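Next, two complexes with subunit A in common: one pairs it with subunit B, the other with subunit C.
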Partner chain A sequence: MLEIVFSAGILALIMLPVFMTFSTGNRNIQLTDAEFRAHTAAIELMEQIISLPFGQIKSGEYESDVIVDGGQFADGPVLFKFSPAEDLWRSMKVEDIRRDGKTLFKKVTVTIKYVAAPGSDRIREFFMKTLVANENL
Partner chain B sequence: MRICKNRQAFTLVEILVVCGIVSVFMGTAIMLFTNFRRGFSRSEGTAVLMQDGALFLARLRTDLNSAVIAPDSSVSNPAQLSATSDQLSFMVYSSREARALPVVYRYQASESGGSIFRREGGDSERELIKNRVASLTWQTDLERFIEPEGTSSGTLRISIGLDLKLKMRSGDEKPFALKTFIFPARLNRQLNSP
Partner chain C sequence: MQIASTVSSNITARNGFAIMFAVIIGTVMLILAVSLYSFVGHQHTGIQSIVNGEIAHFLAEAGINSSIGSVREAIGKVMSGTSGNQQLNQLLLNPGELEDICINDMLDASWNRDLEEFAREMDKDASIKVDVWLRDFSICETAPTSWADPAAKDGYLVIESTGTFKNSSRVILVKRKVRVGSTIPAWMGKFSLFVNDAARAGEGGFNIIRNDYRGMITDGPKPLITYNHATPDAPFEAGNMGDILREEAEKDIWQRRGWIWMGGRRSRLNLCSGAGDLGEIFHFYDVSNPNIFSPVKFSTPADALPDSFSSSLSIPWDKSSSSVRQVSYRFGHSFVLDGFHDRSNRKETDAMYEGNILSTGEKNAYSSKSSILHLFGDARKGYQSRTRVFGNVHIAFPRYASLEVKPEEPDVEALFTSVSPPPLYLLPSVSENAWNNSIMIQDIMGRQVGGPLLQSGMLCDSYADYALLMSRISELPYAESYNSMQDVYSNKAGRVFPSDAGILAMDNGLNLEISRDQHMFFKGRPTGQSLLQVIENRTQIEIDSINDFWKRFLNDRGELELNAIVSIKNSRQLDMQIPAAGKPQPMVVKGGGMIILQQGNLVLRGISCISPAEALTLVLAGTGSVSFSSTQPNHVNVVAPNAELGYGSKFDMYGSLCVGSIYADHRFQGGTVRFRPGQDPTTTGYNRYYKVFIDPKDSFWNE
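The block that comes next holds the complex of A and B.
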């Protein structure tokens, strides 16, 4: 009897990593899905900013309560436009890069905070940065 | 004659008990394995759908970010980007050929799962997603933002709303749904250039 119990225990220990591999695989796929959605949301925000004429890209810090669908970008007139996204918060920072008194570039940094997996309380962050050149110089 | 009275052996009850324990262990292990395998298979299908969707979106985004107003057309006519229920077409600047070429995305709907094709210039059409599109809509939107007391004609913005749903034929996997807006940067800059 003792031998049987021991052998079953050893078998269970051997099988444990196999089952863990499956559940880890599932978790990773869920995380990749959340990462993809965060990445898509970041590009959606970044693209609409860099699509604007250089003069319309106003420097400043924009928090998630301002960056909402239909919200004004830098007190208007341009409005933000977003597809619906749950468990996701956007923020953005636009900085001037100046030389000899002229603004050569705008540095745009988009940050997306998102829930790692459905039902999870772990929050992750995703950053995206780009430079917009001043085409008016 | 020598009789061995002290023979070591399992009784029938011991064997039955052991068989019972082993079958309970094996049954549990098999059930767990089957459940995990089924779950993993579903997740694998979801990952494949996500990969298909991500590749398609990346391709479309890259093309749209290179979209331009064709040199022979009027800047005041932003209908350079046309979308119907089954086709999205625009012009992109090809650095290889040093000229603007038409790019056409075609959606072929089917009950068992639609497909998406892409064609650039005179090249032959290529399949991007095969028999996995449950639904797809793309629509262009042109907005004009005018300063309340401004004298200019305002800022134009063109965007493409994309709503895509992918699913496997088996249908067991979680469908992949994607809804986003794409803002063609180069085209928008051209629209607003003085």
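The block that comes next holds the complex of A and C.
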């Protein structure tokens, strides 16, 4: 009897970190899933921007209220097209990189804000940056 | 007692089982938990890598997009020679294999410094690098049986952009096909004239010119004369008269000259009489001055004559009507060679058959007209142009044979030699059927001068003996004229005919060789079809129509700027006039190249290359015709092995002419084809005519 009690104690001691690890793993899986969706969303937005002719990539800051499915990019003819994602918020900053008075590149920074895990109030951010070259020079 | 002991032992054995069980379960669970944790960590890292890779890819794209213009510009400058940097050109044109090589050093590759700066501005972990490579080059003309060109190669110009973000790299390649090919039509550059099927109109089909005894054309068709060396009046790279005359005496001069190919069945070219403008008697005799030209008499060696010539014969003399007398005579044999002539100042037609020295049978077989093809230039010093001739082609020429009569009795000899002009005992041509022992052989003017009353049977036992001696139209392989001209140039004493020089003989071209500096370009039998194949494999650009061609390759000044090997489909089978109708003649060629017309006809109206370093080759792949409609010069090579050279205007061509056949009728106006020695593949001048073509179309590769 003593042995059983002793064994249960040992098992409980071992299982405590195990359950903690499982719990952390589970949270990480949820987080990874959210992060993955955030990355995909960032790439989705980034590709839509860099595939545009250089002249149509207007510099400026774009908040999540204008970067929505069907919304206009820079009040121009280009409309955003996004996959449905309710717990993601997109924003974007487009800056000129100039030399000798000419815009050689646009620096595009896409930021995705997302809920770390379902039901959580915690908001995380993901950045993606790249350059788009001016082909017309 | 024993039972109690066994039970106690079992209980002892079960002690610790629960602990062990708990430890094992716990360990397994721990391993699973750690694995899960580790897996999630890896997944997280994996996602990060994917994202970094995406960013690296975007950076690589940005690198390509930003620098491709600069790269193209730098390459364009280098290739056009405007940069003053010849390294890349030289590298591509070097004979032999070309290993993969980065050519940033040969270009003004400042873009990498800028790209690096821009990337750092974006993120300290980002970088972009763009390199330009020549890759995957291989020699593409490697078979000496068709053409082995050590400099002709295919490969790629690769613009390689590497984007790096954190630890991820992505490479984007933009590849462009690069082709290096010669605009000279392979082995045809060694030929002045190549006629694929020379005898298409029959063995004597070319013999249609009516000329007089002096070699002046009277009317009708005119000859096509090929000059197989750089003549003094060539448009560029002209020969120096002194050098031409000095080199003319070299017995191996054929090696440096353009060759001639007369393919197909046997053809026969009647040699034009005279030493005048178009006479070809220079094949046999020195024609230093056409006005004082006189033929040389060839004496037949005694050992080649019948026995009757070895001792004196006692024969009644021709004055027997007044005084019968037997006179002792010795006989020899000689002949003179002549050309074909239809007219003389005494006779309007068939003048060469006057006096019945040549037979009616020969007249029917050979006619009195000469050939429209003069393969060895003309009689002027510096313009005589013997060379190597391939094919079953013969020259035909009249041989006037005469008996050398020498009376052995002094008074008769004195009488005989006092006659002017000297007595001439021509041996008339007779057919075997007409042969008999009593054919009278007498002075051509029928004079009685103390000569013999001679009958054919006194000298010859049979027709065979007589046939060897009589006048006749002879034939000889065209190539052997080279040897007799060598005798003339080297002032050979005791000439015989045919020449015993034996330098060149009839050659069917089965084992033709073209080489330079140990490299064998060609070995075997050249054929028009294999030449077309070699040329078509060089195609760099394909165009649909002749109109599109002119739109693309004529510059604002109406000059041709080709610099490529272009194939035109021409599915409507329109004639291609060069220059096009309404454009100035001649068309100026600023950038040479090759035009391959797949079908239709070619009509040439004058083409002028502005530089000796430019050459234009026109190829007609299909059947059809090549003709000239202007007397303007044409600096061009023509390759049309299935087409016919049609009649049109008299023409002047500086280059190589390859046709399937030549349409010979009374409308043929002839012209000149001058070999262009700078295009000869056996000389280093040939190296000037390679064109490097970089395909304007990109193909993208991701790595």
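Rule of thumb we're sticking to: the second predicted complex is superposed on the first by the 126 of 137 C-alpha atoms of A that agree within 3 Å, B and C clash if a C-alpha of one lies under 4 Å from a C-alpha of the other, contacts with A are read in each partner's own complex, and residues count from 1 in each chain.
One rule holds for everything that comes next: contacts are C-beta pairs under 8 Å (C-beta built on N, C-alpha and C of every residue); 3 or more make two chains touch, one makes a residue touch a chain.
Fair warning: this is a prediction, and the values are worked out from it, not measured in the lab.
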Would you sort A:77 into first (subunit B), second (subunit C), both or neither based on which partner it touches? first
Using the superposition on chain A described above, determine whether A:44 touches subunit B (first), subunit C (second), both, or neither. first
Quick one: classify A:36 as touching subunit B (first), subunit C (second), both or neither. both
Output check: A:4 vs subunit B and subunit C. Expected answer is one of first, second, both, neither. What do you get? both
Taking the superposition on A as described, I'd like to know which of subunit B and subunit C A:133 touches: first, second, both or neither. second
Which of the two partners, first being subunit B and second being subunit C, lies in contact with A:16: first, second, both, or neither? neither
Given the touch rule stated above, what does A:68 touch, subunit B (first), subunit C (second), both, or neither? neither
May I ask you to decide whether A:53 touches subunit B, subunit C, both, or neither, giving the answer as first, second, both or neither? first
By the touch definition at the top of the document, which applies to A:123: first (subunit B), second (subunit C), both, or neither? neither
Show which residues of subunit A both subunit B and subunit C reach, each in its own complex. 4, 8, 11, 15, 18-19, 22, 25, 29, 32, 36, 43, 50, 135
Can you list the subunit C residues touching subunit A in their complex? 15-16, 18-19, 21-23, 25-27, 29-30, 32-34, 36-37, 39-41, 43-44, 47, 50-51, 54-55, 58-59, 61-69, 114, 118-119, 121-123, 126, 128
Under the definition above, what is the set of subunit B residues touching subunit A in their complex? 14, 17-18, 21-22, 25, 29, 32-33, 36-37, 39-40, 43-44, 46-47, 50, 54, 57, 61, 65, 143, 145-148, 150, 154-155, 157, 159, 161, 178-185, 188-189, 192-193
Would you mind writing out the residues of subunit A in touch with subunit C in their complex? 3-4, 6-8, 10-11, 13-15, 17-19, 21-22, 24-25, 28-29, 31-32, 35-36, 39, 42-43, 46, 50, 97, 99, 104-105, 107, 128-135, 137
Of subunit A, residues touching subunit B in the complex: 1, 4, 8, 11-12, 15, 18-19, 22-23, 25-26, 29-30, 32-33, 36, 40-41, 43-44, 47-48, 50-53, 56, 76-79, 81-84, 135
